[in-house]
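Letters A, B, C and D mark the chains in the order given here, with residues in each chain numbered from 1 onward.
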Amino acid sequence: MSTALPYDPQQLAHRAGELVANVRELAAAGWTPATSSNFSLRLDDSHVAITASGGDKSRLTEAGVMVVDLDGQPVATDRRPSAETLLHTQLYSRFAGIGCVLHTHSRNQTVASRLYAGPGHVRLDGYELLKAFAGNTTHETAIDLPVLPNSQDMRTLAAQVDALLDRQCVWGYLIDGHGLYTWGRDIAEARRHLEAFEFLLGCELELRKMHR
Amino acid sequence: MSTALPYDPQQLAHRAGELVANVRELAAAGWTPATSSNFSLRLDDSHVAITASGGDKSRLTEAGVMVVDLDGQPVATDRRPSAETLLHTQLYSRFAGIGCVLHTHSRNQTVASRLYAGPGHVRLDGYELLKAFAGNTTHETAIDLPVLPNSQDMRTLAAQVDALLDRQCVWGYLIDGHGLYTWGRDIAEARRHLEAFEFLLGCELELRKMHR
Amino acid sequence: MSTALPYDPQQLAHRAGELVANVRELAAAGWTPATSSNFSLRLDDSHVAITASGGDKSRLTEAGVMVVDLDGQPVATDRRPSAETLLHTQLYSRFAGIGCVLHTHSRNQTVASRLYAGPGHVRLDGYELLKAFAGNTTHETAIDLPVLPNSQDMRTLAAQVDALLDRQCVWGYLIDGHGLYTWGRDIAEARRHLEAFEFLLGCELELRKMHR
Amino acid sequence: MSTALPYDPQQLAHRAGELVANVRELAAAGWTPATSSNFSLRLDDSHVAITASGGDKSRLTEAGVMVVDLDGQPVATDRRPSAETLLHTQLYSRFAGIGCVLHTHSRNQTVASRLYAGPGHVRLDGYELLKAFAGNTTHETAIDLPVLPNSQDMRTLAAQVDALLDRQCVWGYLIDGHGLYTWGRDIAEARRHLEAFEFLLGCELELRKMHR
């Protein structure tokens, strides 16, 4: 019986539909190549709706969305969550105000992660679009998008992210050779942050091709 | 009662529909990232229909279009106009023949604005597509697309634009780190100018990548 | 009465529909910026269906297709043909086997025309896709795509093209700062040639960005 | 009578539909320019469904899919198979576990084949997306994508591929100036491999434009 579920199934149905519609748009943009990438929305204080492991994201359906708790453990399902689930749930655990986490693999994101892995961040400054990040009201600022080393051990990655979040307030990070994590209070804000990072990384790479 | 409105509501309905259809096409081209960009059409001698602040332009509806007067003040609405409304209305005030103003943020526009902020203009010459600008009948000409410094103070930006328009006849300008403003007598002409600037900036950037 | 027309109006209706469907696809690819580009199909021994001057090609309808004779003069219409009509009709006049002429303005075409205007041609060699050009059966060959100087005088341009065709067998040419003309026995062959030139020019430009 | 056919016609109908839907998506991505590229699915132990020679792949229909045996000979059809059919059937003959072979001509694939023809392979290392290749479980690895010389003699090409497969386990290869062959146990896996190669080649080319 659905009354036995520890979350509201109607809320899940609503969030899964929202996730599917948005993820298909991100897949159409080419940001989820080769069944990569994963996406989540907060259901309540202790549950998250997240895309299951693998699968072509351009064909995602509600059946490809599962529920995990804030430790990343599957709830009332035998589906396998993505190996990277922990990187989503650590954000929901840490910040009550986060409602959505998006992880994509665009070419710009991956290329930038390789180029800036050495310095450990991409400096973005002087762009009007810096105002797209919640809390920013001017282009006369700079944002450092961190680049973390990649690891197949999610505990290692999560520890790096925690150390990062202890040091600074950020709206996203890159993992070297991998892709971008970004988030927001809801899916609209998270997508605005994603589009802004993607755009600004694209500008930086174009400028580097001209050796500026 | 609609008779109390200082503009023709049927004219607004018509223009809002035209604006929505066109803006969605520009958003689909990727020229309005992260809820940026704004767009307007002249309603009559003293009113302009303009997109309200923020919002994903690929989902723009008629409800996202509002009316301002030529000073940029909202008319018969409690919606907030974009901070950049003044850059639209100064053009309608100055030139009775302008019927449409388009402000976009494509990657080419933003990258070009960074590269050419130093010299203060992008020189476009020898291209057949220079004939796309109203009044040009040959490719044997050159156009300087001005690049203005960015500012969060719209009065400062507007004063720069006024000084520019005192000096030269132009169909558009870039703002550094920001994007393009372009205009025309109607939306078809303004889009033709927008497409021509976007194309020519793209060509110039490609040539620079090959160090020509 | 339609019986007074010097061409078969049913044939025109058929060809205009074919042209509209194909041109909209080329416009969607971004190869007709800012109302540029023009396209034609042979109707019979002495008539050609051709897109009228100007207009956004992504919105082309049958009403935007007109008939000219092989001298480029409008037939049974008061529409104005494109200034470049003569560059279409000279091909139909010269080669009875040509059924379609396509003139596009992609960014790759325009950039390549600027880069290779000096040598006067783009050498394409060693590509499997050279087999896409009618008559080629191997990649172990080379094609020189000519680049002609631009002119607003169509008689000058047409004379250059005639001199070129006297010298060599080609399936297309670039005009400096402008775009590509290509052709074939029917619209399918002409599009195959167009796609092949666009692809190969794109490859050459990419290789130049890597200084190879 | 269909009972005379050496393969199951219902199985063919099913596979042809699957192939058409997938090939149209690959064509929409721009990876099949100028009627190039070919695609196949295994029907049974001794038959393969493969796209017939030529034709715009964005308009592929079930009628454009034919059956060949494992020697590449047409079965129960007078259609002409692609000249490259042998490169498909040699894979099905050699590996019972292969269910799908995809051959595409994207710009990235062709450009990479030219750049890396000298060394004879493209080294891909340190990318998270290496995990997209069946059998890989970590980014801490490297894949060498072989680049073979082109030839119009399919026996020569097939012999090169056989020698390659004797030496190493690979999920694809490039042919110089030509394109990519990749495969998998079914169309979903083959497409995942195709998307991963395309993405990783694109990253490598971008990095080379920045001289890294």
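Keep in mind that, in the parts below, contacts are C-beta pairs under 8 Å (C-beta built on N, C-alpha and C of every residue); 3 or more make two chains touch, one makes a residue touch a chain.
The structure displayed is predicted, hence computed values, not measured ones.
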Worksheet, complete the sentence: Every chain in contact with both chain C and chain D is listed here as none
Worksheet item: Just how much do you need to spin chain A so its Cα atoms sit on those of chain B, in degrees to the nearest 5?
Response: 90
Discussion item. For the two copies chain D and chain A, is the contact made of the same residues on each side, with over half of the numbers shared, or of different residues?
Written reply: different
Discussion item. So the centre of each chain is just the mean of its C-alpha atoms; given that, what is the distance between chain A and chain D in Å?
Written reply: 32
Worksheet item: When the centre of a chain is set as the mean of its C-alpha atoms, what distance in Å lies between chain B and chain D?
Response: 46
Worksheet, complete the sentence: Residues in chain C with touches to at least two other chains are numbered 209
Practice prompt. Report the residues of chain D in contact with chain C in the complex, numbered from low to high.
Written response: 33-36, 56, 105, 107, 110-111, 114-115, 150, 152, 175-179, 205, 208-209
Discussion item. Using the touch definition from the top, list the residues of chain B that touch chain C in their complex.
Written reply: 126-129, 132, 137-140, 188, 191-193, 195-196, 198-199, 202-203, 206-207, 209-210, 212
